[in-house]
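So that we are looking at the same thing, I have put the structure below in structure tokens.
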Amino acid sequence: MEMRKRIEFILEKPFLERLIALLDEMETPGYTVIPAKAGRGRQDPWTREGMVTDAGRQIIVVSFAEAGLAEKIAQRAAEKLGNRIALISLTDAAVYLPD
Amino acid sequence: MEMRKRIEFILEKPFLERLIALLDEMETPGYTVIPAKAGRGRQDPWTREGMVTDAGRQIIVVSFAEAGLAEKIAQRAAEKLGNRIALISLTDAAVYLPD
Amino acid sequence: MEMRKRIEFILEKPFLERLIALLDEMETPGYTVIPAKAGRGRQDPWTREGMVTDAGRQIIVVSFAEAGLAEKIAQRAAEKLGNRIALISLTDAAVYLPD
Amino acid sequence: MDSLLHLTLENLLSPTVLFFVLGVFAALTRSSLTIPEAIAKALSIYLVMAIGFKGGYQVSKAGIDLGLFLSLLAGMLLSFAVPFLAFAMLKVTTRLPTVDAASIAAHYGSISIVTFLAGTEVLKLLGHEAEGYMVAVAAVMEVPAILSGLWIAARAVTDKSSIGGMDNSLMREVLLNGSIVLLTGAFLIGVVTGEKGMATVSAFIVDPFKGVLCLFLLDMGLVAGRGLRTSWKYLKPGLLIFGIYMPVLGAGLGLFCGWALGLSLGGTVLFMILGASASYIAVPAAMRMALPDSQPAIPLALSLGITFPFNLTIGIPLYVTVASRVL
Amino acid sequence: MDSLLHLTLENLLSPTVLFFVLGVFAALTRSSLTIPEAIAKALSIYLVMAIGFKGGYQVSKAGIDLGLFLSLLAGMLLSFAVPFLAFAMLKVTTRLPTVDAASIAAHYGSISIVTFLAGTEVLKLLGHEAEGYMVAVAAVMEVPAILSGLWIAARAVTDKSSIGGMDNSLMREVLLNGSIVLLTGAFLIGVVTGEKGMATVSAFIVDPFKGVLCLFLLDMGLVAGRGLRTSWKYLKPGLLIFGIYMPVLGAGLGLFCGWALGLSLGGTVLFMILGASASYIAVPAAMRMALPDSQPAIPLALSLGITFPFNLTIGIPLYVTVASRVL
Amino acid sequence: MDSLLHLTLENLLSPTVLFFVLGVFAALTRSSLTIPEAIAKALSIYLVMAIGFKGGYQVSKAGIDLGLFLSLLAGMLLSFAVPFLAFAMLKVTTRLPTVDAASIAAHYGSISIVTFLAGTEVLKLLGHEAEGYMVAVAAVMEVPAILSGLWIAARAVTDKSSIGGMDNSLMREVLLNGSIVLLTGAFLIGVVTGEKGMATVSAFIVDPFKGVLCLFLLDMGLVAGRGLRTSWKYLKPGLLIFGIYMPVLGAGLGLFCGWALGLSLGGTVLFMILGASASYIAVPAAMRMALPDSQPAIPLALSLGITFPFNLTIGIPLYVTVASRVL
């Protein structure tokens, strides 16, 4: 059991590839992409029902990483994705590492 | 980077609209709806496979808000949705606010 | 409002039934299964797009439980599922228990 | 009696019923066979769209007459009335909490569109086409039942806090429920576009219809079997039997409606099926909101796990046989 | 004028348009009717695959000629040119930020494949089949518009930081966009397999086509209605009118192309529709990446909520009528 | 040789193969073209249901005879035997860990229903219909291969902790696997309902079948291409060649079965295809549970990325040609 940070990105789907490229580049140990169905922020509510285009939808990316790396990732992502595109959060988590 | 609360609702789908109305009414800065596929609580296990009706399924709503507001929201939601309908949790999270 | 642990499993889908059996056996108060769409770890990236087989995909299981039980569950699951199959994490969460 | 047996056997050996049985078998043996949720929803959208359009098309050919309006009225009344009967039976024969009895009653006042579809197919095989507007009758039989159920609950339940009541979102859920809007909309489009419209879409909504129904019934079998597995414990004998005699009672009332309205044999049978079947799609969600203290698993297991298979296998042939005798 | 009225009325009462209207109605009344995302995507994949294959099949029969290449060229030019016109109109008639105007301009230079499909069906009903290669023209009209939009933004926007620019993933998104690859691929497969291939798949891609289109238009109606509800506030009068006159201008340019190339009436009308329609699938995602400071809701509401219904209901009959007069 | 070439070319230019190629192309160029997971599952459910039902229908016409039982037995034996051969080849020609070799062996003992479908279509085009019960043979060829694979692993792997073993959920996964239950169930329904049943559902499961197969092969191409992109590094030359000669060896064993059983040309070719093809749907999940220390990516990349395309493009015509010579 070790302490890690759980980074959670709620970000616009069209930017997913860019975020993943960033995560790969920073040698994040891993990430998992989770779907989102609907939401609201400062802008209008959105929902995926019946939608074909990827624009205007959010997707969630979760990544567990060591505190130092996690903060660097969050920082870089916030800079690179800039305004309006991602909500980035860090939570403390104890991880039972597989093997 | 600022400290926020991550509120997570696991609630019955038919009540989603009511929860969203509550969140809107309390001027929550935002929320995101995440699908759930199966589960179990005190009642029977459920799964979405092949289901058409919305009854008997859960859905997840995540919202990041300031601690004070978050607690008020959780309180109000627990009162309004009452028993058996929602599991509400609060976690500390550091948020990198997009501008 | 009570303090709980939020256990989050990111595990290979084929082992979901085994994990659920374990959770049931240990009398976990409940769990919720959340889909995942894509990811990367030490092994190759995966994605669900167009896939039919369950092999090579991850799924997420979230369970809120008291600290003591939660740690026991995490421990047992880590032992039983062994290497390469699950990423198990524990986070502190305040839960507003329904009734 | 002989023809009933014959008809029942024939029905039991139709692909539709057998695919349902396959689904139940797969669920009970805990096979990994499942149909994705999005597909189940798409199948039900397809079926509702197709049956609505076909009904409208038939009305466009037959013309709109008084029978249509009288049937709509009768359907609404039936849907209002059945919950009272169901509630009374449940209070007398079971020890269910009042709020659960009211919820079940609402389910039985409403209808199952898939049972209706299966009935249509059986009738078509037998050469008894029904009035096209029976589809519209099906569409109006959801809301009154829910209102009855709520009214019963409001009167009979003492702890008023357990009644969520009729707020805006519930009202919308009930009145503008997806399947009602689609059924009614497709019906009207069928009426308006008539022969021409049918020529446009028949290769999509007529030809593959029965095959799609088989696939959907496979899914319904999976869901019903799974429901039975987890909810069997709630189905005490009194409730179980209710799941079988209640559709027969409902069919009886439907028979009366069909007879009184002078409907064709096909139309009467469909009226019986509407009376006999119980909702497991729209009403469960609505009752969950309206009566949050009721246990949603019970009506679902009962209507989908007992009444639906009963109607599908034995009920429909029974109603056809009875109606042929009476009319 | 009389025939235009007649044609418009006929079109308004076709199942395709009526299902679209049903969708809009359901969305505006906040009905719970929805079509799952996976199904919407599957329907669009089906339609793109079918229209691509059919176009290729027609080319395999007619043979490849110079007209094909000239039409491709003309389509690209049109797609390059329209954004400049659109941008100019927007800058003159609205107070939109430059980056939003550039984004909208790119949307209008590109095309809506569903409008194209609806046009094909209307033409088929009227007995005016178009050149099969018009499908290929549709496929080449997405990329140039995006490039134009970016070029306009790069020149006109002063704060360069708001331009995401053309990185690898965006370039791929634009050039190897799923619907372009599928449309082109299916077209080529249609060309290569010809008569034999068509015999293999026609029961899947030809017969049920119109019915599937109805279902997809129901969904588009739902999405458009929902978009209008949430985004109505952005649609200031100047923008709203743009959503109606811009397709007419685009159709005019398309008419010129069709006439100059000596296309058939059907081909000319399709060229007009390509000019008139605006993208709401591929371009929004690309522009979101390229111009992250633009508001994605505005072009979507405009192209799907105003221009698409306009083209579907009034535009197509209008273009047919005008083209018949001119050619 | 000439006819083989001709047949191969014809096959390569069929819509099914070309849509597969389109999928591979789209995946390798990293196009955004994808088919939603729910749709991919629905397509495979449709195909399995259709092929099962059609096989049953053919048996209902031909009658059940000894050939059916002997073929089932032969299929099981083949499925038991192939993993031993495959394992031996892998141990001799590659340096794969034993547990991975055992897992791959199980995949090759099992079958690919999509390859089977593609074979059926080719045979139909050539006018060689096969025995309907070959579908049932396909259904029994999954389980024995998994058992063989486990048995091999249990004997050959020294570190026993890496063998998950056969617990209840795995046993169920293997025996009551969704596609086996559906294939067998639909087969039995086809047998029972015969001509009448076929009349009911043929517009759904027969007419659009090939078109749906094209769409599914497009998806398989996407998945195979993506798998090749990420897993190419595991496919060392020895393994790569295994992916091509192993199907040929399996086909040889299948040829022997078909010949010994006195099957028709079509039946023999299908037996060859069953021997030649490797699973990429049910077996991967089962082996993942049974042998958690094996790397799931390797057998998947091999069976879907190498053997499947080989069979689809060159293998099937080759098997047809060889069988025509031999029988």
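Quick notes on this one:
Should a chain be cited, it is by its letter among A, B, C, D, E and F, assigned in written order, with residues numbered from 1 in that chain.
We adopt the following convention: a contact is a pair of C-beta atoms (placed from the backbone, for glycine too) under 8 Å apart; a residue touches a chain by one contact, two chains touch by 3 or more.
Treat the numbers as computed from the prediction; the structure is a model and nothing was measured.
Under the contact definition stated at the top, the chains bordering both subunit B and subunit F are C, D.
Residue numbering at the subunit D/subunit F interface overlaps only partly, since under half of the positions present are found in both copies.
Relative to the C-alpha centre of subunit F, the farthest chain centre belongs to B.
Greatest centre-to-centre distance from subunit C is found for E, with centres as Cα means.
The distance from the centre of subunit A to the centre of subunit F, each centre being the mean of the chain's C-alpha atoms, comes to 38 Å. Taking each chain's centre as the mean of its C-alpha atoms, subunit A lies 44 Å from subunit D. Among all residues of subunit B, those that touch two or more other chains are 34-35, 82-85, 91-92.
In subunit E, 34-39, 41-42, 173, 207-208 are the positions where the chain touches two or more neighbouring chains simultaneously. Every pair of chains meeting the contact definition is listed here: A-B, A-C, A-E, B-C, B-D, C-F, D-E, D-F, E-F.
Contact residues on subunit A toward subunit B in their complex (touch as defined above): 8, 10, 34-42, 47, 58, 60, 74-75, 77-78, 81-92. Interface residues of subunit E facing subunit F in the complex, by the touch rule stated above, are 36-39, 41-42, 45-46, 49, 53, 172-173, 176-179, 181-182, 185-186, 189, 192-193, 196-197, 200-205, 207-208.
Of all residues in subunit F, only 13-16, 18-19, 22, 25-26, 29-39, 207-212, 214-215, 218 touch subunit E in the complex they form. By the touch rule above, subunit C contacts subunit B in their complex via residues 1, 4, 6, 20, 23-24, 29-35, 59, 62, 64, 91-99. Chain contact summary for the complex, subunit E toward subunit A: residues 34-37, 40-41, 44, 167, 169, 173, 219, 222-223, 226, 230-231, 280-282, 284-289, 292-293, 295-297, 300.
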